[in-house]
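Have a look at this one.
Each chain gets a letter, A, B, C and D, in the order it is written, and its residues are counted from 1.
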(Lines give C-alpha, C1' and ligand atoms only; values in the text may rest on other atoms or scores of the structure.)
Protein backbone atom coordinates (compact mmCIF):
# COMPACT_ATOMS: atom_id res chain seq x y z
CA UNK A 1 0.00 0.00 0.00
CA UNK A 2 1.29 3.42 -1.01
CA UNK A 3 2.20 5.97 1.68
CA UNK A 4 0.36 9.26 1.51
CA UNK A 5 1.65 12.48 3.07
CA UNK A 6 -0.85 15.17 4.08
CA UNK A 7 -0.25 18.68 2.73
CA UNK A 8 -2.18 20.19 5.61
CA UNK A 9 -0.76 19.45 9.09
CA UNK A 10 -4.19 20.34 10.53
CA UNK A 11 -5.89 17.63 8.46
CA UNK A 12 -7.51 15.91 11.44
CA UNK A 13 -9.06 19.06 12.97
CA UNK A 14 -10.22 20.04 9.50
CA UNK A 15 -11.98 16.70 8.90
CA UNK A 16 -13.53 16.74 12.39
CA UNK A 17 -14.82 20.30 11.96
CA UNK A 18 -16.32 19.58 8.55
CA UNK A 19 -17.87 16.31 9.74
CA UNK A 20 -19.40 18.21 12.65
CA UNK A 21 -21.23 20.44 10.14
CA UNK A 22 -22.77 17.44 8.30
CA UNK A 23 -26.09 17.46 10.09
CA UNK A 24 -27.21 14.38 8.16
CA UNK A 25 -24.47 12.38 9.87
CA UNK A 26 -26.10 13.29 13.21
CA UNK A 27 -29.51 12.33 11.78
CA UNK A 28 -28.29 8.78 11.11
CA UNK A 29 -26.26 8.67 14.34
CA UNK A 30 -22.90 8.47 12.58
CA UNK A 31 -19.63 9.37 14.29
CA UNK A 32 -16.02 9.71 13.17
CA UNK A 33 -14.22 6.61 14.40
CA UNK A 34 -10.79 7.25 12.91
CA UNK A 35 -8.93 9.95 10.96
CA UNK A 36 -5.49 9.22 9.51
CA UNK A 37 -3.72 10.34 6.31
CA UNK A 38 -5.76 8.88 3.41
CA UNK A 39 -7.98 6.86 5.79
CA UNK A 40 -11.24 7.73 7.55
CA UNK A 41 -13.67 5.41 9.35
CA UNK A 42 -17.28 6.31 10.16
CA UNK A 43 -19.40 4.24 12.49
CA UNK A 44 -23.05 4.09 13.48
CA UNK A 45 -25.34 1.99 15.65
CA UNK A 46 -28.04 0.04 13.87
CA UNK A 47 -31.58 0.97 14.86
CA UNK A 48 -35.08 0.76 13.45
CA UNK A 49 -35.17 4.27 11.94
CA UNK A 50 -32.53 3.22 9.40
CA UNK A 51 -34.36 0.12 8.11
CA UNK A 52 -35.55 -0.78 4.66
CA UNK A 53 -38.64 -2.94 4.17
CA UNK A 54 -37.11 -6.26 5.31
CA UNK A 55 -35.55 -4.94 8.48
CA UNK A 56 -32.01 -4.54 7.12
CA UNK A 57 -30.09 -1.25 7.07
CA UNK A 58 -31.18 0.80 4.03
CA UNK A 59 -28.67 0.95 1.15
CA UNK A 60 -28.96 4.74 1.34
CA UNK A 61 -27.53 4.70 4.89
CA UNK A 62 -24.63 2.50 3.82
CA UNK A 63 -24.04 4.80 0.86
CA UNK A 64 -24.18 7.95 3.01
CA UNK A 65 -21.65 6.60 5.52
CA UNK A 66 -19.31 5.26 2.83
CA UNK A 67 -19.55 8.44 0.74
CA UNK A 68 -18.65 10.60 3.77
CA UNK A 69 -15.81 8.21 4.77
CA UNK A 70 -14.41 8.36 1.21
CA UNK A 71 -14.83 12.14 0.95
CA UNK A 72 -13.04 12.75 4.25
CA UNK A 73 -10.31 10.24 3.41
CA UNK A 74 -9.71 12.36 0.30
CA UNK A 75 -9.85 15.59 2.34
CA UNK A 76 -7.00 14.42 4.64
CA UNK A 77 -4.67 14.86 1.65
CA UNK A 78 -5.99 18.13 0.22
CA UNK A 79 -4.12 21.43 0.60
CA UNK A 80 -5.40 24.08 3.04
CA UNK A 81 -8.04 26.39 1.62
CA UNK A 82 -9.68 23.77 -0.59
CA UNK A 83 -12.85 21.73 -0.22
CA UNK A 84 -14.03 18.26 -1.22
CA UNK A 85 -16.95 17.43 -3.52
CA UNK A 86 -18.36 13.98 -4.41
CA UNK A 87 -18.51 13.72 -8.19
CA UNK A 88 -19.86 10.20 -8.29
CA UNK A 89 -19.83 6.89 -6.48
CA UNK A 90 -20.83 3.34 -7.15
CA UNK A 91 -21.83 0.94 -4.40
CA UNK A 92 -22.26 -2.83 -4.60
CA UNK A 93 -24.42 -4.44 -1.92
CA UNK A 94 -22.83 -7.81 -1.09
CA UNK A 95 -25.19 -9.03 1.63
CA UNK A 96 -28.15 -7.75 3.65
CA UNK A 97 -26.78 -5.47 6.39
CA UNK A 98 -27.77 -6.57 9.89
CA UNK A 99 -25.95 -6.38 13.21
CA UNK A 100 -25.26 -3.99 16.08
CA UNK A 101 -23.07 -1.50 14.26
CA UNK A 102 -22.10 -0.43 10.76
CA UNK A 103 -18.51 0.62 10.06
CA UNK A 104 -17.64 2.40 6.80
CA UNK A 105 -13.96 2.61 5.89
CA UNK A 106 -12.81 5.13 3.25
CA UNK A 107 -9.34 4.76 1.71
CA UNK A 108 -7.59 6.83 -0.97
CA UNK A 109 -6.51 4.79 -4.00
CA UNK A 110 -5.09 7.68 -6.01
CA UNK A 111 -4.82 11.37 -5.15
CA UNK A 112 -4.35 13.79 -8.03
CA UNK A 113 -4.37 17.57 -8.14
CA UNK A 114 -8.06 17.74 -9.07
CA UNK A 115 -9.38 14.16 -8.87
CA UNK A 116 -9.05 11.69 -5.98
CA UNK A 117 -10.31 8.12 -6.30
CA UNK A 118 -11.31 6.29 -3.11
CA UNK A 119 -12.25 2.79 -2.08
CA UNK A 120 -14.96 2.29 0.54
CA UNK A 121 -15.86 -0.83 2.43
CA UNK A 122 -18.87 -1.15 4.72
CA UNK A 123 -18.98 -3.82 7.42
CA UNK A 124 -21.85 -4.92 9.66
CA UNK A 125 -20.62 -5.88 13.11
CA UNK A 126 -22.34 -8.08 15.71
CA UNK A 127 -20.19 -8.61 18.78
CA UNK A 128 -16.86 -9.82 17.38
CA UNK A 129 -18.34 -10.96 14.08
CA UNK A 130 -17.64 -8.59 11.16
CA UNK A 131 -19.00 -9.02 7.65
CA UNK A 132 -18.41 -6.86 4.59
CA UNK A 133 -21.85 -5.83 3.34
CA UNK A 134 -20.98 -3.28 0.67
CA UNK A 135 -18.07 -1.89 -1.33
CA UNK A 136 -17.79 1.52 -2.97
CA UNK A 137 -15.58 3.27 -5.48
CA UNK A 138 -15.93 7.05 -5.35
CA UNK A 139 -14.52 9.94 -7.35
CA UNK A 140 -13.85 13.08 -5.34
CA UNK A 141 -12.86 16.54 -6.55
CA UNK A 142 -10.67 19.16 -4.92
CA UNK A 143 -12.54 22.46 -5.21
CA UNK A 144 -10.77 25.79 -5.21
CA UNK A 145 -12.17 29.33 -5.27
CA UNK A 146 -15.83 28.44 -5.05
CA UNK A 147 -16.60 29.35 -1.46
CA UNK A 148 -16.88 25.64 -0.62
CA UNK A 149 -13.83 25.29 1.62
CA UNK A 150 -13.64 22.44 4.15
CA UNK B 1 -40.06 4.62 -24.83
CA UNK B 2 -40.96 0.96 -24.47
CA UNK B 3 -44.30 -0.02 -22.93
CA UNK B 4 -44.11 -2.22 -19.86
CA UNK B 5 -46.98 -4.42 -18.69
CA UNK B 6 -47.17 -5.35 -14.99
CA UNK B 7 -47.47 -9.07 -14.19
CA UNK B 8 -49.11 -8.27 -10.87
CA UNK B 9 -52.41 -6.33 -11.12
CA UNK B 10 -51.91 -5.31 -7.47
CA UNK B 11 -48.56 -3.66 -8.23
CA UNK B 12 -49.52 -0.30 -6.77
CA UNK B 13 -50.79 -1.63 -3.40
CA UNK B 14 -47.71 -3.84 -3.26
CA UNK B 15 -45.31 -0.92 -3.77
CA UNK B 16 -47.21 1.25 -1.28
CA UNK B 17 -47.21 -1.47 1.38
CA UNK B 18 -43.49 -2.16 0.96
CA UNK B 19 -42.62 1.54 0.96
CA UNK B 20 -44.64 1.90 4.18
CA UNK B 21 -42.30 -0.64 5.83
CA UNK B 22 -39.14 1.32 4.86
CA UNK B 23 -38.73 3.18 8.13
CA UNK B 24 -35.71 5.04 6.74
CA UNK B 25 -37.97 6.74 4.19
CA UNK B 26 -39.96 8.15 7.14
CA UNK B 27 -36.68 9.20 8.81
CA UNK B 28 -35.80 11.40 5.82
CA UNK B 29 -39.41 12.52 5.33
CA UNK B 30 -39.81 10.81 1.95
CA UNK B 31 -43.21 9.99 0.46
CA UNK B 32 -44.39 8.10 -2.61
CA UNK B 33 -45.46 10.73 -5.13
CA UNK B 34 -46.34 8.44 -8.05
CA UNK B 35 -46.61 4.72 -8.83
CA UNK B 36 -47.16 3.57 -12.42
CA UNK B 37 -45.95 0.54 -14.40
CA UNK B 38 -42.13 0.86 -14.59
CA UNK B 39 -42.20 4.33 -13.00
CA UNK B 40 -42.03 5.48 -9.38
CA UNK B 41 -41.44 8.98 -7.99
CA UNK B 42 -40.36 9.71 -4.41
CA UNK B 43 -40.43 13.18 -2.95
CA UNK B 44 -39.16 14.87 0.19
CA UNK B 45 -39.00 18.33 1.71
CA UNK B 46 -35.55 19.81 2.19
CA UNK B 47 -34.65 20.57 5.80
CA UNK B 48 -31.57 21.05 7.93
CA UNK B 49 -31.37 17.48 9.21
CA UNK B 50 -30.51 16.27 5.71
CA UNK B 51 -27.60 18.67 5.12
CA UNK B 52 -23.97 18.02 4.34
CA UNK B 53 -21.26 20.42 5.51
CA UNK B 54 -22.02 23.25 3.04
CA UNK B 55 -25.77 23.32 3.62
CA UNK B 56 -26.75 21.28 0.56
CA UNK B 57 -28.72 18.03 0.69
CA UNK B 58 -26.33 15.14 1.50
CA UNK B 59 -25.49 12.83 -1.42
CA UNK B 60 -26.60 9.93 0.79
CA UNK B 61 -30.14 11.35 0.92
CA UNK B 62 -30.25 11.76 -2.86
CA UNK B 63 -28.93 8.21 -3.22
CA UNK B 64 -31.45 6.78 -0.75
CA UNK B 65 -34.41 8.41 -2.50
CA UNK B 66 -33.20 7.45 -5.99
CA UNK B 67 -32.36 3.88 -4.95
CA UNK B 68 -35.84 3.41 -3.47
CA UNK B 69 -37.49 5.00 -6.53
CA UNK B 70 -35.52 2.68 -8.84
CA UNK B 71 -36.18 -0.39 -6.71
CA UNK B 72 -39.93 0.26 -6.60
CA UNK B 73 -40.04 1.07 -10.31
CA UNK B 74 -38.53 -2.40 -10.83
CA UNK B 75 -41.01 -3.94 -8.36
CA UNK B 76 -44.02 -2.67 -10.35
CA UNK B 77 -43.07 -5.21 -13.05
CA UNK B 78 -42.20 -8.21 -10.86
CA UNK B 79 -44.48 -11.23 -10.53
CA UNK B 80 -46.46 -11.79 -7.31
CA UNK B 81 -44.59 -13.64 -4.59
CA UNK B 82 -41.19 -12.13 -5.43
CA UNK B 83 -39.14 -9.36 -3.83
CA UNK B 84 -36.69 -6.70 -5.01
CA UNK B 85 -33.04 -6.34 -3.97
CA UNK B 86 -30.57 -3.57 -4.93
CA UNK B 87 -27.45 -5.21 -6.31
CA UNK B 88 -25.60 -2.02 -7.07
CA UNK B 89 -26.08 1.58 -8.10
CA UNK B 90 -23.97 4.42 -9.35
CA UNK B 91 -24.87 8.04 -8.80
CA UNK B 92 -23.38 11.15 -10.45
CA UNK B 93 -23.84 14.41 -8.61
CA UNK B 94 -24.38 17.12 -11.26
CA UNK B 95 -24.87 20.17 -9.05
CA UNK B 96 -25.22 21.01 -5.35
CA UNK B 97 -28.78 20.15 -4.29
CA UNK B 98 -30.65 23.09 -2.81
CA UNK B 99 -34.32 24.07 -2.94
CA UNK B 100 -37.65 23.40 -1.24
CA UNK B 101 -38.15 19.81 -2.34
CA UNK B 102 -36.24 16.89 -3.82
CA UNK B 103 -37.96 14.64 -6.36
CA UNK B 104 -36.39 11.29 -7.31
CA UNK B 105 -37.75 9.59 -10.41
CA UNK B 106 -37.05 5.87 -11.00
CA UNK B 107 -37.64 4.38 -14.46
CA UNK B 108 -37.08 0.84 -15.76
CA UNK B 109 -34.71 0.66 -18.72
CA UNK B 110 -34.75 -3.13 -19.11
CA UNK B 111 -36.65 -5.77 -17.14
CA UNK B 112 -35.35 -9.35 -17.34
CA UNK B 113 -36.36 -12.47 -15.44
CA UNK B 114 -33.66 -11.98 -12.80
CA UNK B 115 -32.05 -8.58 -13.50
CA UNK B 116 -33.78 -5.22 -13.96
CA UNK B 117 -31.79 -2.11 -14.89
CA UNK B 118 -33.21 1.28 -13.89
CA UNK B 119 -32.50 4.92 -14.54
CA UNK B 120 -32.92 7.43 -11.74
CA UNK B 121 -33.00 11.19 -11.92
CA UNK B 122 -33.05 13.48 -8.91
CA UNK B 123 -34.34 17.05 -9.18
CA UNK B 124 -34.19 19.90 -6.70
CA UNK B 125 -37.30 22.07 -6.91
CA UNK B 126 -37.77 25.67 -5.74
CA UNK B 127 -41.23 27.02 -6.58
CA UNK B 128 -41.59 26.32 -10.31
CA UNK B 129 -37.85 26.00 -10.92
CA UNK B 130 -36.62 22.41 -11.31
CA UNK B 131 -32.98 21.39 -11.72
CA UNK B 132 -31.53 17.91 -12.20
CA UNK B 133 -28.97 17.46 -9.43
CA UNK B 134 -28.09 13.78 -9.78
CA UNK B 135 -28.53 10.79 -12.09
CA UNK B 136 -28.39 7.12 -11.15
CA UNK B 137 -28.15 3.78 -12.92
CA UNK B 138 -29.16 0.89 -10.67
CA UNK B 139 -29.20 -2.89 -11.05
CA UNK B 140 -32.07 -4.61 -9.26
CA UNK B 141 -32.65 -8.33 -8.72
CA UNK B 142 -35.90 -10.26 -8.53
CA UNK B 143 -35.61 -12.55 -5.50
CA UNK B 144 -37.56 -15.77 -5.21
CA UNK B 145 -37.79 -18.26 -2.34
CA UNK B 146 -35.69 -16.37 0.18
CA UNK B 147 -38.33 -15.06 2.51
CA UNK B 148 -37.77 -11.55 1.15
CA UNK B 149 -41.08 -11.03 -0.60
CA UNK B 150 -42.35 -7.50 -1.28
CA UNK C 1 -33.61 18.29 -23.58
CA UNK C 2 -31.27 21.20 -22.85
CA UNK C 3 -29.63 23.08 -25.73
CA UNK C 4 -25.85 23.15 -25.70
CA UNK C 5 -23.79 25.80 -27.49
CA UNK C 6 -20.24 24.94 -28.58
CA UNK C 7 -17.47 27.32 -27.46
CA UNK C 8 -15.30 26.24 -30.38
CA UNK C 9 -16.79 26.86 -33.86
CA UNK C 10 -14.32 24.27 -35.23
CA UNK C 11 -15.73 21.56 -32.93
CA UNK C 12 -16.49 19.12 -35.74
CA UNK C 13 -13.05 19.28 -37.41
CA UNK C 14 -11.51 18.98 -33.97
CA UNK C 15 -13.47 15.83 -33.10
CA UNK C 16 -12.77 14.29 -36.52
CA UNK C 17 -9.03 15.00 -36.28
CA UNK C 18 -8.77 13.55 -32.78
CA UNK C 19 -10.85 10.50 -33.70
CA UNK C 20 -8.53 9.96 -36.67
CA UNK C 21 -5.61 9.68 -34.24
CA UNK C 22 -7.34 6.94 -32.16
CA UNK C 23 -5.70 3.99 -33.82
CA UNK C 24 -7.71 1.59 -31.67
CA UNK C 25 -10.89 2.83 -33.37
CA UNK C 26 -9.39 1.68 -36.68
CA UNK C 27 -8.45 -1.66 -35.08
CA UNK C 28 -12.09 -2.35 -34.25
CA UNK C 29 -13.32 -0.85 -37.52
CA UNK C 30 -15.15 2.05 -35.87
CA UNK C 31 -16.09 5.21 -37.76
CA UNK C 32 -17.60 8.56 -36.77
CA UNK C 33 -21.23 8.48 -37.88
CA UNK C 34 -22.35 11.85 -36.54
CA UNK C 35 -20.89 14.92 -34.82
CA UNK C 36 -23.21 17.61 -33.46
CA UNK C 37 -23.03 19.89 -30.42
CA UNK C 38 -23.16 17.58 -27.35
CA UNK C 39 -23.85 14.51 -29.52
CA UNK C 40 -21.52 12.03 -31.20
CA UNK C 41 -22.35 8.65 -32.79
CA UNK C 42 -19.78 5.95 -33.52
CA UNK C 43 -20.58 2.93 -35.65
CA UNK C 44 -18.88 -0.35 -36.51
CA UNK C 45 -19.60 -3.51 -38.46
CA UNK C 46 -19.85 -6.72 -36.45
CA UNK C 47 -17.29 -9.34 -37.37
CA UNK C 48 -15.64 -12.37 -35.83
CA UNK C 49 -12.53 -10.60 -34.53
CA UNK C 50 -14.69 -8.69 -32.04
CA UNK C 51 -16.38 -11.76 -30.50
CA UNK C 52 -16.44 -13.03 -26.94
CA UNK C 53 -16.70 -16.75 -26.21
CA UNK C 54 -20.38 -17.18 -27.20
CA UNK C 55 -20.14 -15.35 -30.50
CA UNK C 56 -21.55 -12.03 -29.29
CA UNK C 57 -19.70 -8.71 -29.51
CA UNK C 58 -17.26 -8.43 -26.57
CA UNK C 59 -18.30 -6.02 -23.81
CA UNK C 60 -14.89 -4.36 -24.22
CA UNK C 61 -15.79 -3.37 -27.79
CA UNK C 62 -19.12 -1.92 -26.70
CA UNK C 63 -17.31 -0.06 -23.91
CA UNK C 64 -14.61 1.27 -26.25
CA UNK C 65 -17.15 2.61 -28.75
CA UNK C 66 -19.39 4.13 -26.08
CA UNK C 67 -16.46 5.66 -24.17
CA UNK C 68 -15.17 7.32 -27.35
CA UNK C 69 -18.67 8.51 -28.30
CA UNK C 70 -19.14 10.01 -24.83
CA UNK C 71 -15.67 11.57 -24.80
CA UNK C 72 -16.17 13.21 -28.18
CA UNK C 73 -19.67 14.36 -27.28
CA UNK C 74 -18.04 16.13 -24.33
CA UNK C 75 -15.27 17.52 -26.55
CA UNK C 76 -17.79 19.22 -28.88
CA UNK C 77 -18.50 21.63 -25.99
CA UNK C 78 -14.96 22.24 -24.74
CA UNK C 79 -13.08 25.49 -25.39
CA UNK C 80 -10.22 25.59 -27.93
CA UNK C 81 -6.83 24.58 -26.56
CA UNK C 82 -8.20 21.97 -24.14
CA UNK C 83 -8.35 18.18 -24.27
CA UNK C 84 -10.71 15.48 -23.02
CA UNK C 85 -9.87 12.69 -20.56
CA UNK C 86 -12.11 9.79 -19.43
CA UNK C 87 -12.12 9.75 -15.63
CA UNK C 88 -14.46 6.81 -15.26
CA UNK C 89 -17.39 5.07 -16.88
CA UNK C 90 -19.91 2.44 -15.95
CA UNK C 91 -21.57 0.22 -18.49
CA UNK C 92 -24.61 -2.05 -18.06
CA UNK C 93 -25.01 -4.87 -20.55
CA UNK C 94 -28.73 -5.27 -21.22
CA UNK C 95 -28.69 -8.09 -23.78
CA UNK C 96 -26.16 -10.11 -25.77
CA UNK C 97 -24.98 -7.94 -28.69
CA UNK C 98 -25.55 -9.57 -32.07
CA UNK C 99 -26.42 -8.11 -35.48
CA UNK C 100 -24.83 -6.49 -38.51
CA UNK C 101 -23.71 -3.24 -36.93
CA UNK C 102 -23.16 -1.64 -33.55
CA UNK C 103 -24.05 2.03 -33.03
CA UNK C 104 -22.85 3.87 -29.91
CA UNK C 105 -24.49 7.20 -29.15
CA UNK C 106 -22.81 9.62 -26.72
CA UNK C 107 -24.83 12.51 -25.28
CA UNK C 108 -23.84 15.23 -22.79
CA UNK C 109 -26.04 15.32 -19.68
CA UNK C 110 -24.20 18.13 -17.91
CA UNK C 111 -21.19 20.17 -19.01
CA UNK C 112 -19.25 21.99 -16.29
CA UNK C 113 -15.98 23.88 -16.41
CA UNK C 114 -13.93 20.84 -15.36
CA UNK C 115 -16.35 17.88 -15.30
CA UNK C 116 -18.73 16.75 -18.04
CA UNK C 117 -21.17 13.87 -17.46
CA UNK C 118 -22.35 11.89 -20.48
CA UNK C 119 -24.92 9.25 -21.28
CA UNK C 120 -24.07 6.52 -23.76
CA UNK C 121 -26.37 4.04 -25.43
CA UNK C 122 -25.20 1.15 -27.58
CA UNK C 123 -27.54 -0.46 -30.11
CA UNK C 124 -27.11 -3.62 -32.16
CA UNK C 125 -28.69 -3.24 -35.60
CA UNK C 126 -29.80 -6.01 -38.00
CA UNK C 127 -31.45 -4.61 -41.12
CA UNK C 128 -34.14 -2.26 -39.76
CA UNK C 129 -34.25 -3.91 -36.32
CA UNK C 130 -32.46 -1.94 -33.59
CA UNK C 131 -32.01 -3.11 -30.01
CA UNK C 132 -30.35 -1.32 -27.10
CA UNK C 133 -27.68 -3.69 -25.81
CA UNK C 134 -25.84 -1.49 -23.32
CA UNK C 135 -26.03 1.84 -21.52
CA UNK C 136 -23.18 3.90 -20.11
CA UNK C 137 -22.70 6.84 -17.79
CA UNK C 138 -19.27 8.43 -18.16
CA UNK C 139 -17.43 11.23 -16.38
CA UNK C 140 -15.13 13.27 -18.61
CA UNK C 141 -12.61 15.94 -17.63
CA UNK C 142 -11.52 19.05 -19.50
CA UNK C 143 -7.72 19.12 -19.33
CA UNK C 144 -5.76 22.34 -19.60
CA UNK C 145 -2.01 22.90 -19.72
CA UNK C 146 -0.91 19.29 -19.74
CA UNK C 147 0.14 18.86 -23.34
CA UNK C 148 -2.95 16.71 -23.96
CA UNK C 149 -4.87 19.02 -26.28
CA UNK C 150 -7.50 17.59 -28.65
CA UNK D 1 -8.48 -12.29 2.29
CA UNK D 2 -11.17 -14.95 2.19
CA UNK D 3 -10.36 -18.43 0.83
CA UNK D 4 -12.47 -19.59 -2.10
CA UNK D 5 -12.95 -23.25 -3.01
CA UNK D 6 -13.79 -24.13 -6.63
CA UNK D 7 -16.87 -26.30 -7.21
CA UNK D 8 -15.46 -27.52 -10.50
CA UNK D 9 -12.11 -29.35 -10.26
CA UNK D 10 -11.61 -28.66 -13.99
CA UNK D 11 -11.85 -24.89 -13.44
CA UNK D 12 -8.53 -24.10 -15.08
CA UNK D 13 -9.14 -26.06 -18.30
CA UNK D 14 -12.61 -24.55 -18.43
CA UNK D 15 -11.30 -20.98 -18.18
CA UNK D 16 -8.55 -21.65 -20.73
CA UNK D 17 -10.99 -23.20 -23.22
CA UNK D 18 -13.47 -20.32 -22.89
CA UNK D 19 -10.71 -17.71 -23.14
CA UNK D 20 -9.49 -19.45 -26.30
CA UNK D 21 -12.91 -18.83 -27.88
CA UNK D 22 -12.79 -15.06 -27.14
CA UNK D 23 -11.53 -13.98 -30.52
CA UNK D 24 -11.41 -10.36 -29.37
CA UNK D 25 -8.70 -11.29 -26.86
CA UNK D 26 -6.59 -12.47 -29.81
CA UNK D 27 -7.40 -9.22 -31.65
CA UNK D 28 -5.85 -7.17 -28.85
CA UNK D 29 -3.04 -9.69 -28.30
CA UNK D 30 -4.18 -10.68 -24.80
CA UNK D 31 -3.11 -13.93 -23.15
CA UNK D 32 -4.04 -15.71 -19.92
CA UNK D 33 -1.15 -15.14 -17.53
CA UNK D 34 -2.56 -16.87 -14.44
CA UNK D 35 -5.61 -18.93 -13.43
CA UNK D 36 -6.19 -19.76 -9.75
CA UNK D 37 -9.35 -20.13 -7.65
CA UNK D 38 -11.01 -16.66 -7.61
CA UNK D 39 -8.02 -15.07 -9.41
CA UNK D 40 -7.26 -14.58 -13.10
CA UNK D 41 -4.59 -12.39 -14.72
CA UNK D 42 -4.63 -11.32 -18.37
CA UNK D 43 -1.65 -9.71 -20.04
CA UNK D 44 -0.95 -7.96 -23.33
CA UNK D 45 1.88 -6.17 -25.05
CA UNK D 46 1.40 -2.48 -25.75
CA UNK D 47 1.48 -1.55 -29.43
CA UNK D 48 0.27 1.21 -31.70
CA UNK D 49 -2.98 -0.49 -32.78
CA UNK D 50 -4.32 -0.15 -29.23
CA UNK D 51 -3.70 3.61 -28.89
CA UNK D 52 -6.08 6.45 -28.21
CA UNK D 53 -5.44 9.91 -29.61
CA UNK D 54 -2.54 10.84 -27.30
CA UNK D 55 -0.60 7.63 -27.76
CA UNK D 56 -1.74 5.93 -24.53
CA UNK D 57 -3.54 2.60 -24.39
CA UNK D 58 -7.27 3.15 -25.10
CA UNK D 59 -9.57 2.87 -22.08
CA UNK D 60 -11.59 0.32 -24.06
CA UNK D 61 -8.59 -2.02 -24.15
CA UNK D 62 -8.05 -1.67 -20.41
CA UNK D 63 -11.77 -2.30 -19.87
CA UNK D 64 -11.79 -5.36 -22.16
CA UNK D 65 -8.83 -6.97 -20.40
CA UNK D 66 -10.14 -6.20 -16.91
CA UNK D 67 -13.69 -7.34 -17.76
CA UNK D 68 -12.39 -10.67 -19.08
CA UNK D 69 -10.07 -11.09 -16.06
CA UNK D 70 -12.98 -10.41 -13.68
CA UNK D 71 -15.37 -12.68 -15.61
CA UNK D 72 -12.92 -15.57 -15.62
CA UNK D 73 -12.02 -15.03 -11.95
CA UNK D 74 -15.76 -15.45 -11.27
CA UNK D 75 -15.93 -18.52 -13.55
CA UNK D 76 -13.23 -20.34 -11.55
CA UNK D 77 -15.81 -20.63 -8.73
CA UNK D 78 -18.91 -21.52 -10.75
CA UNK D 79 -20.37 -25.05 -10.81
CA UNK D 80 -19.96 -27.23 -13.92
CA UNK D 81 -22.61 -26.71 -16.60
CA UNK D 82 -23.00 -22.97 -15.97
CA UNK D 83 -21.71 -19.91 -17.82
CA UNK D 84 -20.61 -16.39 -16.88
CA UNK D 85 -22.18 -13.14 -18.07
CA UNK D 86 -21.01 -9.55 -17.37
CA UNK D 87 -23.96 -7.61 -16.02
CA UNK D 88 -22.11 -4.35 -15.52
CA UNK D 89 -18.74 -2.89 -14.69
CA UNK D 90 -17.31 0.44 -13.70
CA UNK D 91 -13.76 1.45 -14.44
CA UNK D 92 -11.79 4.40 -13.06
CA UNK D 93 -8.80 5.54 -15.08
CA UNK D 94 -6.11 6.61 -12.58
CA UNK D 95 -3.31 7.60 -14.96
CA UNK D 96 -2.53 7.50 -18.68
CA UNK D 97 -1.51 3.91 -19.57
CA UNK D 98 1.91 3.70 -21.15
CA UNK D 99 4.63 1.06 -20.96
CA UNK D 100 5.66 -2.25 -22.48
CA UNK D 101 2.88 -4.42 -21.14
CA UNK D 102 -0.55 -4.18 -19.55
CA UNK D 103 -1.53 -6.64 -16.82
CA UNK D 104 -5.18 -6.92 -15.72
CA UNK D 105 -5.85 -8.76 -12.46
CA UNK D 106 -9.39 -10.00 -11.68
CA UNK D 107 -10.24 -11.03 -8.11
CA UNK D 108 -13.52 -12.26 -6.62
CA UNK D 109 -14.78 -10.13 -3.74
CA UNK D 110 -17.99 -12.05 -3.11
CA UNK D 111 -19.40 -15.15 -4.84
CA UNK D 112 -23.11 -15.82 -4.46
CA UNK D 113 -25.37 -18.38 -6.14
CA UNK D 114 -26.42 -15.95 -8.89
CA UNK D 115 -24.27 -12.83 -8.46
CA UNK D 116 -20.49 -12.58 -8.15
CA UNK D 117 -18.77 -9.25 -7.49
CA UNK D 118 -15.17 -8.83 -8.65
CA UNK D 119 -12.38 -6.34 -8.25
CA UNK D 120 -10.11 -5.61 -11.19
CA UNK D 121 -6.81 -3.76 -11.25
CA UNK D 122 -4.93 -2.84 -14.40
CA UNK D 123 -1.19 -2.13 -14.28
CA UNK D 124 1.10 -0.72 -16.95
CA UNK D 125 4.54 -2.29 -16.77
CA UNK D 126 7.85 -0.93 -18.14
CA UNK D 127 10.78 -3.16 -17.27
CA UNK D 128 10.51 -3.61 -13.48
CA UNK D 129 8.36 -0.52 -12.97
CA UNK D 130 4.66 -1.25 -12.41
CA UNK D 131 1.95 1.39 -12.07
CA UNK D 132 -1.76 0.91 -11.43
CA UNK D 133 -3.55 2.71 -14.26
CA UNK D 134 -7.16 1.63 -13.71
CA UNK D 135 -9.43 -0.11 -11.21
CA UNK D 136 -12.69 -1.90 -11.90
CA UNK D 137 -15.62 -3.26 -9.95
CA UNK D 138 -17.69 -5.74 -11.97
CA UNK D 139 -20.91 -7.65 -11.36
CA UNK D 140 -21.01 -11.10 -12.94
CA UNK D 141 -23.93 -13.50 -13.21
CA UNK D 142 -23.95 -17.30 -13.18
CA UNK D 143 -26.19 -18.37 -16.07
CA UNK D 144 -27.98 -21.71 -16.08
CA UNK D 145 -30.12 -23.32 -18.79
CA UNK D 146 -29.64 -20.72 -21.47
CA UNK D 147 -27.28 -22.48 -23.83
CA UNK D 148 -24.48 -20.14 -22.69
CA UNK D 149 -22.28 -22.62 -20.86
CA UNK D 150 -18.57 -21.90 -20.35
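As a working rule, contacts are C-beta pairs under 8 Å (C-beta built on N, C-alpha and C of every residue); 3 or more make two chains touch, one makes a residue touch a chain.
Keep in mind that what you see is a predicted model, and the values were worked out from it rather than measured.
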### Task
Tell me which of A-D and A-B has more C-beta pairs in contact.
A-B
### Query
In whole angstrom, how far does the Cα centroid of subunit A sit from the Cα centroid of subunit C?
32
### Task
Please compute the C-alpha centroid of subunit A, do the same for subunit B, then give the distance between them in whole Å.
22
### Query
Rounded to the nearest whole Å, what is the centre-to-centre distance of subunit A and subunit D, using the mean of the C-alpha atoms as each centre?
28
### Message
Counting only residues that touch at least two other chains, what does the list for subunit B look like?
### Response
87-88, 90, 92, 117, 139
### Query
Line, ring, star, complete or other: which one describes how these chains touch?
complete
### Query
Inside the complex, what are the residues of subunit B that reach subunit D?
87-88, 90, 114-115, 117, 139, 141
### Summary
Counting only contacts in the complex, subunit C reaches subunit D at residues 18-19, 21-24, 26-28, 48-54, 58-61, 63-65, 67-68, 83, 85-93, 148, 150
## Note on the structure
The subunit A residues in contact with subunit D across the complex are 90, 92, 94-95, 109-110, 117, 119, 132, 135, 137, 139
